[in-house]
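Pasting a structure here, questions to come.
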Amino acid sequence: MTATEPSAVPFSAQRVRGRFSDRAARLASRAALALVVLILATLLLLILREALPALGSALSAEGILRADWAPLADPPRFGLAHAVLSTLMVTTLALALAVPIGFGIGLFAAEFAPAWLRHVLQPCLELLAGIPSVVYGFFGYVTLVAWFERYGGMATGESLLVGGLILAVMVLPFIACTSAESFAAVPRALRESAHSTGVTRVHVVRRILVPMALPGLFAAVALGLGRAVGETLAVLLLAGNSTALPTSYLDRGQPLTALIATELPEAALGTAKYHALYAAGLALILLTVTINSVVWRLKARVMRHGG
Amino acid sequence: MLKVAVRSKLAVAAIAAATLLSATSVVRAENGALRVGGSTTLVPVVANAAMAFMDSFKSWQRADAALPDTQLVIYVTGGGSGFGIKSAINGTLDIGMASRELKDSEKDALGVHQAYLVGKDAVAIAVQVDNPLAKLKQNLTSDELRKIFSGEYRTYRDINGSLPAQEIVLLVRDAGAGSAEILQDKIMGKAQVAPNALQMPSQGALLKKLESNPNAIAYISAGLGGESGHLVTFALNGVEPSHPTW
Amino acid sequence: MAAEITQAAPAPGFLPLPCGAMRSDRAFTVIAWGVGLVGLVLPLGILGFLLIEGMARLSWAFLTEAPAGFPLGSAGGIAPAILGTLALVAIGLGVALPLGVAGAIGLVEYAPEDSPWVRVMRFGAECLAAVPAIVYGLFGYAVLVVLFRLQISLISGALTLGLMMLPIILIGAEEALRGVERSLREAALSLGVSRFNVVRRVILPKALPGILSVTLLAAGHAAGSAAPVMFTASVAFARGTPALDAPVMTLPSHLYYVVSEGADLEQAYATALVLVVGLLLANGCAALLKRRLAR
Amino acid sequence: MDSLQLLRKDTEVEIATAAGPTAFEIDELTAGYRERRVLRGISCCIPERRVTAIMGPSGCGKSTLVKALNRTLELMPGGAVTSGHVRFRGADLHGPAVDPRAVRRSLGIIHQQPVPFPMSILENVVFGARFHAICRRAEREAYARLYLEKVGLWTEVKHQLHESASRFSGGQQQRLCLARTLANQPQAVLMDEPCSALDPYATRRIEEHIVELRDEYPVIVVTHNVGQARRISDYVLFMVDGQLIEAGPTAQVFEAPQSQLARDFISGRFG
C-alpha cells in the first residue's frame, strides 16, 4: 500500500504489517470455526437423515416406539422401547447412587479433609475418571457379575442392576470432582464469616455452601447424567444384552448404546434396521442435548438468583 | 449317515477373485493389505491361519509368482456373519466370512463373487454338566427346543415337573450370527427367540458363559462344545451332534 | 414485643450451644468422613485389583510382541494394539488440535464478546462434547467408512477420534484463553502491536499449559474409547507398523475382543493394566500442567 | 487488674491508665500458620466498654491477633495458637470444656470485606441468632428490625427484607454484617479493618457506629489507618512484626510515643 513515504503517513509501515497478519489470523480462525460448525452440522444432519426413514412410522404398531426388537421375525420389527427403557433404568440407578455419594465426597474434599488427604483424594478421583469404559466393563464382568451369580442367587449376573452399579462408579468421579470444585469455589471470606457467628459446620454447609454451590451441583449431576446415558462398552458387557422389555433391575436389558454396538456391524446400508439404529443414535443426541440445555438454563437462573 | 442335529455350512463368501491364496485384484491396496472379517466362529481359525501364512511367505510374490512383490499383510476381524457378508457387499472387507448359506438376495447384491466352503460344523444344543436338564435328558425334540427358546418354558420345572423351578437362562448369539439364523430357520419357524435371552458377542464368549452358568442353555458350535469338558450336548430328535459324516 | 427481645445482660463465660445442633454436627462429620473414604478406597481398590491380577502376565515381551496362541490373543503380546492406539490418537490430534485451538482463538479474540453467535457456538460445542462416543462411531462409519470409501482403516478411525476430541479441545482452549488476565491483554495491545501478535506472543504462551492439559485429557479419553473405533478402524488382529489406509488393533478394542471371545482372562487383565497405566500417565501429566497453571 | 498493661518481660514497659475493668487478658500468646510464627508472645489487657485500636504495618499480625481472640484463626489452613492464654472476663478461651463455636458466638467479628450471605437480608440478620435459638421463627422480623435500626439500615431496607443483599453498596453490606454480628448477642465486638474496603462517607458511618458500640461492648478495631485510630479509639496497641511495641491511652501514644518505631509509624514515615 502507501508505505513508500513513511513520513507522510506516520506509523504506516507498522500498521500495514500488523493489519495484514491480523487479517490473515482472523480469516484463518474464522475459517477454522466455520469448518468446525460445518463438520458438526454434517454430523447432526447425517444422523438425522439416516434416522428419518425410521421416524416416519415411529408411532405405528410396527414403528420404533411401539414395536419390540425382533430382527429375525417375518417381517422384522425394530422397536427401540426396550433400549430406551434400559437406558433410563441404568441411568436412574447410577445417578441415584452416584449423586449422594459424589456430593458427599465433594463436600468431604472441600470441607472436611485435611490438606494431605485432599492431595491424595484428588488424584484418586482423577484415576477413577481416567479408567476407560471397556476396563470398567471387564472389571464388572470378573467381579460383580461373578459375585452376583455365585452369592446373589441370580440366574445370570448380567443385569441392569450390575450395569447400573458399575455405571455409578464410572460417573462418581465426575460428580465428586465437579461438586468439590463448586464447594471449594465458595469464597473463603463467606465461610469464615459464617463460622465466626459460632454456628456448627452442618449449619454452614446447609445455609451457605449448598446454596452457593448449587449451580455447580446442577452441572455435576448433568455431567454425570450425560456420561451415564452415553456409556457403551460397560453396559454392553454387563447389562445382559437382551431385547426384552425390562421390568425390574434384576432383568437383563440392552441400553441404546449397547443396541447400536451389537447391531450396527450387520445392519446393511439403507435397511430398516440401519435406519432404526441411527434413530437410536439420534435419540442419544437428543437426550444429551436436552440435558445440556436444561442445565444451561438452570445454571443461568440459579446464578442470577444466588448473586 | 447324515445324523447331525442342526447342520450349518461354514461358508466363506468372498467378492470377485478374492481368494486367500491366489488373490490378484484383491491386493489392490499398494501396501498389499487383505481384509478378512465376519463370523466369529471362524475368527480364531482364520486369524491363526493368516498369521502363519504371513510368517511363511512375507511377500505376495513369494506366495504366488503372479502377484506383485509387496509385503503380505492380512487383517482379520470378527463382527458376525451378517457383518462379513455386508462388508463384502459394500467393499469394506475383501473377504467376508459367514457361518451360514448365502441368501439369494445377498448373492445378487454381491454380484460377481466366489464363495468357498472351508468347513462344516454342527450346531449343538448344550448345557453345563451341573444343569438340571443334563441329568434328566439326553434328547430334546424340536418342539421342546422351540418352547425352550421361545420362552414358553420359563423355568426348568416347566419342562419337567420333577425339575427345580430355576430360571432357564437362554444364551443366544446376536441376530447377525449364522447360528442364530440357523436356529430361526430350522427350529423356531414363525416363533421368536425369547427377548430376555442374553445375546453373546461371540462363540467364545458364549462358551465361557455356558461353562460357568449352570442355569444356561445354548446353541453352540458342536466342535467347541464337544471339546469342553464342562458341557453336555443333547441329541435332537434322536440324532447326536457328533461325528458328522458329510 | 421489641422490649422482650432486647439483649441479655453480659454474663461471664460462654453460653452453651443448642445441643441438638451439636449432635447432628457430630453425626454429619462422621458421615462425611465415611463417604469421603469411599472416594479413596474405590479407585485404589480397582487399581490394586488390576495390578495384582495383571502383573502376572506383564513383561517386556508382552509389550513388544504380537498376539499369539489359539484363539489368537490368548498368548503373546499386545504391541500392535499399543502402536495402533498411539497412531490413532496422534493423527486424530493432528486434526483436532489445530482446528480446536484456531477455533478457540476465533471465539475469544476475533468475535465480539458475548455476541449471540459466540454463545450458540459454545453451547453447540458443549453439547457435542457430551454426545456419546458411540454416536461418533455411527457418524464415522456412515461418512468415512462407507460414503468416502476410506474403509475400516487408521485414517477413518483417526478422523472419527479427531471429531470426538474437537469439541473438548475447543472448549478447553477457549477457557484457557479466556483465563489469561485481561490486564495482560490490554497492556500488550496498548503497545500498538497487532492482535495476532498479541495472541501469538503473549496470550498463547500464557494459555499453553491449559491447552496442553485439556489436549492430554481429550487424548486420554479418545485412547480409551472402544466405541468409536469399533466400526471405523479396529480389527481383531493386525501386525506390522500401522499404515493410513490399513486397519489397526487398539488397546480398548483388543481388551473387548479378548473378553468377548473369552480367550484368556490373564491376558485381559494385563491388557487392561497397560491401558489404565498409560491413561493414568497421560492424565497425570494433564493434572500436573493444570496445577502448574493454577499457581 | 485495673490498668492496661504492657507486660513485655524484656523491656518491662508498663503504662498505667485510668481504665475500668478488664475484658480480655492476653498472656504470652504465640500463634501462626504451620511453620510461620506470626504472633511472638503478646501480653496485654484490654478494657471493658472502650474502643481499643490495634495498629501496625501490614503483616505485623494484627488480623491474626483478632482471629485468635475469637478462635476463628483455627479455621484458616494451618492456623493455630501455639502457646499462651487468652481470658475473656476470666474465662479461658482455650479451656478444655470450651466449644470454639461458643467463643465465636460470644465474641462477634466483622471482617475487612463485607460478606453478605447468599440469602435474603432478613435471613442474613438472623442467621446466627436463629441457630443459637435467640429468636423464634415468629419474631424474626421484629428481631431483625431491632438490629437493622441499630446500624441505621432499617429505613433503607424495610421494603426489601426478602431480597438478596448482593446489590447493596459496600457500606450498606458492612452495616448489614454488623447487624448480623450484633443480632448474635455477642459480649464483645472485634473488627478487622472494617473500613478498608469502603469509601470515606461509608467509613464515617461505620466509625460512628463503632463509637456508639462502646456503650455496650468492649470493642477491638484493627486498623492500619492512623487517623482512624486517633478518631475512634480510647486505647491503642501498636504492633510490629508479631510483637507488641507500645500500648496506652490513645492521646498518650499519639502525643508522646515512647519508641522510635511508633513515632515513625504515626508520623507516616513507614507502614
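Every chain is named by a letter (A, B, C and D) in the order it is written, and numbering of its residues begins at 1.
In this section, contacts are C-beta pairs under 8 Å (C-beta built on N, C-alpha and C of every residue); 3 or more make two chains touch, one makes a residue touch a chain.
All values derive from a computational prediction rather than experimental measurement.
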Taking each chain's C-alpha mean as its centre, the one farthest from chain D: B
Intercentroid distance (Cα basis), chain B paired with chain A, Å: 36
Chain centre separation (chain B, chain D; CA means) in Å: 83
Rounded Å distance between chain A and chain C, as computed from the means of their C-alpha atoms: 13
Residue numbers of chain C (touch at least two other chains): 17, 21-22, 146, 259-260
Multi-partner residues of chain A (at least 2 other chains): 198-200, 203, 265, 269
Of all residues in chain B, the ones touching two or more other chains: 90, 200-201
Touch relationships between chains, expressed as pairs: A-B, A-C, A-D, B-C, C-D
Chain A to chain C touching residues, read off their complex: 11, 14, 17-19, 21-22, 24-26, 28-33, 35-37, 39-40, 42-43, 46-47, 50, 101, 104-105, 107-109, 111-113, 117, 120-135, 137-139, 141-143, 169, 172-173, 176, 198-203, 205, 226, 229-233, 237, 257, 260-261, 264-265, 269, 277-278, 281, 284-285, 288-289, 291-293, 296
Contact footprint of chain B on chain A as seen in their complex: 68-74, 82, 146, 149, 155-156, 158, 236, 240-245, 251-252, 254, 262-263, 265-269
Chain C partner contacts - residues on chain B that touch it in the complex: 29, 31, 33, 35, 37, 40, 43-44, 47-48, 50-51, 54, 71, 73, 75-78, 90-93, 200-202, 204-209
Interface residues, chain C side, partner chain D - complex: 1-2, 5-8, 10-18, 21-22
Of all residues in chain C, those that touch chain A in their complex: 17, 21-22, 24-25, 28-29, 31-33, 35-36, 38-40, 42-44, 46-47, 49-50, 98-100, 102-103, 105-107, 109-110, 121, 123-128, 130-139, 141-143, 146, 163, 166-167, 170, 192-197, 199, 220, 223-227, 230-231, 252-253, 255-256, 259-260, 265, 268, 272, 275-276, 279-280, 282-284, 287
